Every structure is written in C-alpha cells, then in structure tokens.
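Across the two complexes that follow, subunit A remains constant while its partner is subunit B and subsequently subunit C.
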Partner chain A sequence: MKADRTLIERRIVFLVLALAVALPLIFPLGLRTKGTPLTKKAYDLVDQTPTGSVVILSFDYDPSTVTELQPMAQAILEHAWKKGHKVIATAMWPQGSQMADMAFENVQAKLGQKEYGRDYINLGYKVGGMVVIQGMGRNFKTVFPKDTSGLNYEDIPLLKTVKSLRDIKYVVSLSAGDPGLKDWVLTAHDKYGVSVAGGTTAVSAPGFLPYVNDQKQLYGLMGGLKAAAEYELLMEYEGPASLNMNPQSVAHVLILVLIAIGNIKAWRKRKAALKSGEVANG
Partner chain B sequence: MAELMKVLGIWLGAYFTLSIFSFLYKDNPFYKLAEQIFVGLSAGYWLIYTIYNILVPNLFNLLFTDFAHNWLLLIPMLLGIMMLLRIIPSAQWLSRYPIALMVGTTAAIYMLLSFKSDFLAQIAATMVNPFKFSSPVDVVGTILLIVGVLCGVYFFYFSKKQEGVFAIPSKIGIWFLMVSFGASFGYTVMARISLLIGRLDFLLRDWLHIIK
Partner chain C sequence: MKKNLPLIVAFASGLLILIAGFIPHKPFGMLEETLTNWFMIISSFAILLGQISLIQANVTRVAHRSPNWQYYLAGLISFAGMVVFGLLWGMEKTPGILGHGEGISQNLGSKPFDYIFDYIYMPLSATMFSLLAFYIASAAYRAFIIRNFESNLLMITAVIVMLGRTSFATWITSWIPDSWGILQLPRLTDFIMQYPNTAAQRAILISAALGVVGSSLRIILGIERSYLGGGK
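Now for the complex of A and B:
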C-alpha cells in the first residue's frame, strides 16, 4: 500500500519545527529583540509612579501559559520593587495565586529578601471576575478579608492605606483570557479611574490593541513572549523571555519558508492542472 | 521524600508530554491514555478546588462561624442547590430560576460597562485630530486609524448595494480587515510556538538536563 504523501510531509514539518525550536534552546544564537512603543508605555507607567505607591499585579493565568506570562510578571515585579512600590498580588484564575508565589520567590532570589506584609502581599484567588473588581472598587476588605496565609486584612501593614481601588496607583494584569485584563480595563480604569496596563498571551493581544488609545483605557500592552523579552531589555538584563526569543525567531523564519514552499507547490499544482485541462480539451 | 516526589513528577510530566506529542505521528494508545487521564484529573481537580477554595471559605465557614451576620448566604446556597437539580429529571425545571438570574444579572452588569468602554470610549478614541501630533509617524498613524475605522464599519453596511463609487470604501475596509487578520495570525503563530518552547524547555532542562 502506498503511503499518504501529505501525511509524510506533515510529519517532516513537525520534526523540522521541533528541531528548529530545540537546537536554538540548546545552542543560543544570541539574537536580540527590539523594543516597541506598546511595551515602553507599560514600562513608563511603572517607572513614573512614585516610590512607596501601592500597586496591584493581577496573576490572571495558570501554568499552561507560564512560558509567555511568567517572565513578564517577574520583569514587572522586579521593576516595581526596584522603584520601591508595594505590591499586592491578586488572581482572577485559581492557580494565579501559585504563579504569584513563584514570581515573588524568583525575584527575591535575585534582588534579595523582601518583607512579606510590608513590601508585598498575596491576597490570592477570588471567584467572580468583574464583580470582584467592582467589589474592590467599593471596599477592598470585604472582597479580600484575609490573605493566602490566613492573615487578617487589618493586621497587614501594607493594606493600612488601602480602602478601595482608588488607593491603588496602577494595576498590571497578566492575563491569559477571561476573566482578566478586559475586566480590569472595563472596571478599574473606566469605572474607578485607576491606570491599567496589561500583559497577555500573544493570541489575545490583537483584541486588546484598540484599548491602547487616546483615552488611555490601557496604558501599555505586552503581547506574548516578544513583549516579555522587550521588557527584560528595558530592564537591561537577559532573562528567560530573551533566551526563548532565539527558538521563537528561528521557528518564525522556518514557518515563513514553509508558507512560501506551500504556495509555490500549490501554484505549480494549479498550473499543471490547467495544462492537463488544455491538453484534454485539445 | 520531597526530592523523590519532585523527580517522579518530572518523569510523569515528561511521559505525558511525549504521549501527547505522539499524536503528531498518528493516533495511538499512549495519546488516548494521556488524554483520558487529563480529562479525568481536570474534572477531579476542579471539583475539589471548588469545594475547598470557593464553597468552604465563602459559604460554609461563614455560615457555621457567624450565622447571625451571614444568614443571607442561604439564598445563594439555595440557588446553587436548585442549579444541581438538573440531574433529577422531575425537578429539572427548578434549575431554570438560578440560570435566569445569572443570565439577567451578568447581562446587566456587562451591558452598562461595555456600552461605556467598548462603544463610547472607543468612538471618543477615534475622534482625534491627526495634525495635533508633531511626529509624522503619529500623524499618518492617526489618519490610518480614522480611515480604517470608517471603511471597516462601512464594509458591514448592507442596507444599500455597494457598487460604483460606494464600493470603494468597502474595498479599502477589506484591506484593513485583511491586515488585522494577518496580524492576528502572526500573533497566534507566536503563541503556539511559545507553547512548544515551554514544553521543549521542560524536556531539555528539567528532564534531560541538557540545558543548564
């Protein structure tokens, strides 16, 4: 029985793509990415916020999108801590709370120990999406009476000055879908006037571009791994996102070549079919 | 013990990653087993997560520790029970009330906010004087934004046949839509490759220790 040629070709494509990603991971090519205004705007929001401000990083994702969003979260957290901001971690996704713990741990390993309850706090996951944010806009304590370790709201020094969302200087939502960044834009910014920036998976980034507008509904937008690498570049270090841009770039070149080959093959097939049609018609 | 569990976890992760990837060659029992385990495990995980992280702290703890101040929570509890009655055919009709309440309140909340954010604010964001900017890039960008929005919206105007001069904005609108579809495709490729990078990074770093 003759093997299906399309199936074999498809398997070759999968294999070549796996190699195109694996080899640059093992042997980094040292490719550098260039910054874009969208990421710079998010960077500027963090950079221009005064020292001592209380801010929110919302971990609205789970381990499935950790490759794209965790480097972003860590770069922003590092930036916020370097600027002396006090960070509240919230999560609209159940496993976001663990993602926050991981980010706190990794950045502290780099910057040195921070004091829990004074420099940062993890309030954990709350079900409800937009309704939760609306609740935070009215009264923070009723939504998060305790943190993830069971500490009461009133016993946490960082939260002494926080009564509602209006006491927050900016929100950065790292978002893999719904609930996530859109809820923060619609509620925190458009209803309560808090500055919001966001980091999303590449898939959902185009849907958020219209919010980066003259009305500043979204201050800046980081879309996917490339934006994470850009933020690392702005922070002047080469982190996981920058390293992962090597296989990303090689894979993109390969995909462009494959699209070109596919189109040439389709064009030649159509031409051959036309020719055989002309021969058949005499 | 903790180290052993960590190693076991990594080996299990590697096994399931390779089992799922094996589908790229062809459908096989390893893939099927991994798929079934994933479905079962996810369902079990969410059930336990919901009970211990949503129902216990937000409902049961409050009712048992301070009933006098939290007795109103009996209403959502009752609605939740009514929702579960879908599994009993004779009482199925009762589940319609909590569903109706959820649909109604969700629609109301989103309608107000979406009208403000996705309609009014978006229109206001398009009403920009392009010539207020000093940079030529911003001027051209803003003109493209205005033309793109007008022509894109016009493409979806079907009350009059689009022919002759009236077809021109529609054709320009198609070009803008095509560019946006291309950008979306590019972003999607980037996202999918990122997922592959994540998995291969796990295999090469955590499992095989090829990357240090």
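Now for the complex of A and C:
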C-alpha cells in the first residue's frame, strides 16, 4: 500500500515537472537574467582580443550536454567572428567535431557565410586529452596534420601563421568533463601562457572556481545555461539560452517547493510518531 | 620477465617524463616528445580495443540469451549500422567507399550517417541526460529532509544558490537597497560560490593533487602494480 502511494507520488512529481518545463517553453515568461562577473570576464577576453587573431574553440562535449553548452558555443563563436577572429575548432571528445560543425552552421545562418579555411577550420577530434594539448604546444602540425575534410595542414590559409599554441591568442573550452577545460588550463595556460576561458555544465562549474584567481589561470568561467543566457545578454540578443532559462527557472522553483513539501510531510510524520509514543507510554 | 618488463618500462617512462618537466632540454625534451607521441598512438588503439570489447560482450549476451538480450542486440545493430553507413557514404565532408552518395543525401537532406546522428542519436542522448531532472525532482521531494544542524545548513545554502541561479532571483530581491546589496540573491549566490565553495574546492584540489603525486610515485617505483592486472 505504501509502495503504491510512493509510486503515485513519484508519478505526480514527474507530471508536474513535465508541465513546469513544457508550459514556459510554449508560453515564454519573458524573464531576463542578470550578468555575473565571471561571464563578463570571458566576454571581455574575446572582446579585447585584436581583429585577425587566431583563436581556439575546443568542443569538449557530446550531444548529452548540448542544451547547456551549444548556446554558449554559438554565442562565443558569434562574438569571435564579429570581432574578426579566425577560429580553429578542436575536440577532445569524439563527437565534439560534429558539435563544432553544428555551431558553425547555425552562426553562419545568422551572420552570413564565412570562408572555410580562412575564417574558420575544424581540426576535429584527437584522442589523448592533456597529451594532445602538450603536443599542440610543441608543434601544431604533428598533432593535426589534416582537418576533418582531409585538407593538408599546409594548404589551409588560416593555419599559415600557426606553428604552436603560442601563436594562439586565447582558448575557450566548452567542456562537459574529462578531458576538457582542466587540461587546457594546466597545459595551454600554465605551460604555454595562452589565455584560457571556459564554459562548463552548471553542475561542474563550482569545481573550476579555484582556477579563476589572480594568476588568471582561467580568465573567465561560464557555468551552465544561465551563463550562456548572460553571454547572450552581453551580446544584446535573446537566443536559445535566454529562452530556455524560463523553463529552467520554473523547474528550479518547483524543486524548491517539492523540498519544502517533503520536509513538511517528514515533520508531520515525526510529530505523529512522537505523539503515538507518548500515548503508548501512558 | 613477464612481470618485470612492464615495471621497468613504467619506471623508465615515468622517470624520463619527470626529469623532462624540470630539464626541458636535449635529450630529455626530445624523449618526452617521442613518449607523448607514443601515448597518442597507444590511446588510438584503446578505442579499437574498446570497440572489440563492446562487440564481444554484447555478442556473448545475445548468444546466451541473457536477461534483456534484445537491448544488447539493438546496441549491436545500431553499432553496425553506423559503421556501415559511415564506411559507404562517409560523413559530412569526407567521402565513403561509394563516394558522397548524392542521390541518398538528396532524399534525406544529409548523408545517412549525419542524418542518424542529427535526428536519432542527438535527441536520444540529450533526452537521456534530461531525464536526470525527473530523478532529481523526485529525490529532492523524498530525501532532502532537515534532520540536524548540518542538513539545515545544506538546505539553506541550496535554497539560496538554486534560487539565485534562476531568472526570478533579481526580481525577488530587487527591493533590497544597494547598501545591503550583498543580501540580493544573485550577489549572495556569487558570494557563496566564490568564497566558501572555492575554499572547499581548493582544499579538495590540493588533497587530490597530493594523492595523485603519491600514487604516481608508487607506480613509478613499482609499489603499485594493480595496473598490470591479475589481482594484487
């Protein structure tokens, strides 16, 4: 009987959560998020880098975290292209390469066509994590002799000036775990002195905060969908992250309400148990 | 020899990389470069090994009609399908054995491999991750109960941070004057994340780093041998 009740309660929770997520998607609430200094730092890094600089966007995630990280990647890519940066896409995760292609396609649909090989290039996935970045620090070409379409390194105009990581102005790693942002910080910044900013899922962002320090190991940190919405806000447009913040905010509030209900229930149960104990003891 | 050779290789490689970290000049720098290149090559073989292991494990389960064997069969069919489509028509920019497959791409809108990736794999993968929200909601309702001082503290922090991470945060505490700005939810959330959280995270990081140094030394010196397999 108790098991039945738990099952029904769980189903109600699932149904209410589904509604809490679906309704704000269908009827947006028009909520706006407020910027935080960590996102602003990442924005400033891109904003203050001179036109024509070669930069790296590393797509260190796969489709499971696309909801949080793809809007972030697109907002940064749009910003970089608007500033005239030449973007190299790399991937420490096998499916990161496809995520990069998707970002390039979506941002080009908005900003207009960019020239592959001159404005951007996708070097694809390389296995090895930190060791790959160390290799890039010594000699870029030995790690990525070809791009994802099979073009030779020396035939790609964008890479003409790139011999090693030291020729890169900044790295932004969109990271869902290991390998990812931590490897970029410990290698690209700490060993080769390249500025590194990062975007992670909300759940892993707290673990990266110690790297945002006076040494600027991590130049800026964007944690989850909220940070993506903040970046869109700084770019002065409302994109997918801003829209998806509505259901996420409602879901967060709902979870808090559920915690409150759960606690009231537990308190009442404890009180009843105490009362029945007193009755039994006379 | 079977036991000692891997130990000697691990000792020599570990020592070389360690020395190269302090003396990045010839011959150590060059040796480090060679060793890291070998690492990348060996790691690539690990992917192949993983695929072979996946096939073996799934085929065995299907052959023995293990419980839920149908799911393992579905996994094998999906794996084979992606390999075949990738080999025949390639991916977005790269051709396969049969070229770019213009005819089939025209019908589907993209190559079969990309079509399956975009319209099946990606939504399924994102859905699996999204399901976590339902379990978190259910767990929060059933398990996040105040029982003592520590859980009370955790609850208060969780409420502030969770609410501070929503778009409602600014709106709820906008009435608080700037002179008391630290009490505004977004700023209070930032404070918690930046100071108590970072301090704790830094302690964890330093402890973990010391642990890594310790276990690396144990491997280099041959004290820790579990990576050789075969129990202790």
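What we mean here is this: the second predicted complex is superposed on the first by the 279 of 282 C-alpha atoms of A that agree within 3 Å, B and C clash if a C-alpha of one lies under 4 Å from a C-alpha of the other, contacts with A are read in each partner's own complex, and residues count from 1 in each chain.
The definition used in the following text is that a contact is a pair of C-beta atoms (placed from the backbone, for glycine too) under 8 Å apart; a residue touches a chain by one contact, two chains touch by 3 or more.
Only a predicted model underlies this, so the values are computations on that prediction, with no experimental measurement involved.
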{"item": "Superposed partners subunit B and subunit C on subunit A - clash or fit", "value": "clash"}
{"item": "Partner chain(s) touched by A:131 [first = subunit B, second = subunit C, both, neither]", "value": "both"}
{"item": "Which partner, subunit B or subunit C, touches more subunit A residues", "value": "C"}
{"item": "Subunit B versus subunit C as contact partner of A:101, first or second or both or neither", "value": "second"}
{"item": "First, second, both or neither for A:217, with subunit B first and subunit C second", "value": "first"}
{"item": "Subunit B versus subunit C as contact partner of A:5, first or second or both or neither", "value": "neither"}
{"item": "Subunit B versus subunit C as contact partner of A:248, first or second or both or neither", "value": "both"}
{"item": "First, second, both or neither for A:148, with subunit B first and subunit C second", "value": "second"}
{"item": "First (subunit B), second (subunit C), both or neither touched by A:186", "value": "first"}
{"item": "Intersection of the subunit A residues that touch subunit B with those that touch subunit C", "value": "14, 17-18, 21, 64, 66-67, 127, 131, 134, 202, 206, 210, 224, 226, 248, 251-252, 255"}
{"item": "Touching residues on subunit A, where the partner in the complex is subunit C", "value": "6, 9-10, 13-14, 17-18, 21, 29, 31-34, 36-37, 62-67, 95, 98, 101, 126-128, 131-132, 134-135, 138, 142-143, 148-150, 202, 206-207, 209-210, 224, 226, 229, 245-246, 248-249, 251-256, 258-259, 261-263, 266"}
{"item": "Subunit A residues touching subunit B - in the complex, by the definition given at the top", "value": "11, 14, 17-18, 21-22, 25-26, 64, 66-68, 94, 125, 127, 130-131, 134, 185-187, 190-191, 201-203, 205-206, 210, 213-215, 217, 223-226, 244, 247-248, 251-252, 255"}
{"item": "Subunit B to subunit A touching residues, read off their complex", "value": "24-25, 49, 53-54, 58, 109-110, 113-114, 116-118, 121-122, 124-125, 128, 180, 183-184, 187-191, 193-198, 200-201, 204, 210-211"}
{"item": "Residues on subunit C engaged by subunit A in the complex (per definition of touch)", "value": "33, 36-37, 39-40, 43-44, 46-47, 91-94, 114, 117, 121-122, 125-126, 128-130, 133-134, 136-138, 140-146, 155, 158-159, 162-163, 165-171, 186, 190, 193-194, 197-198, 201-202, 205"}
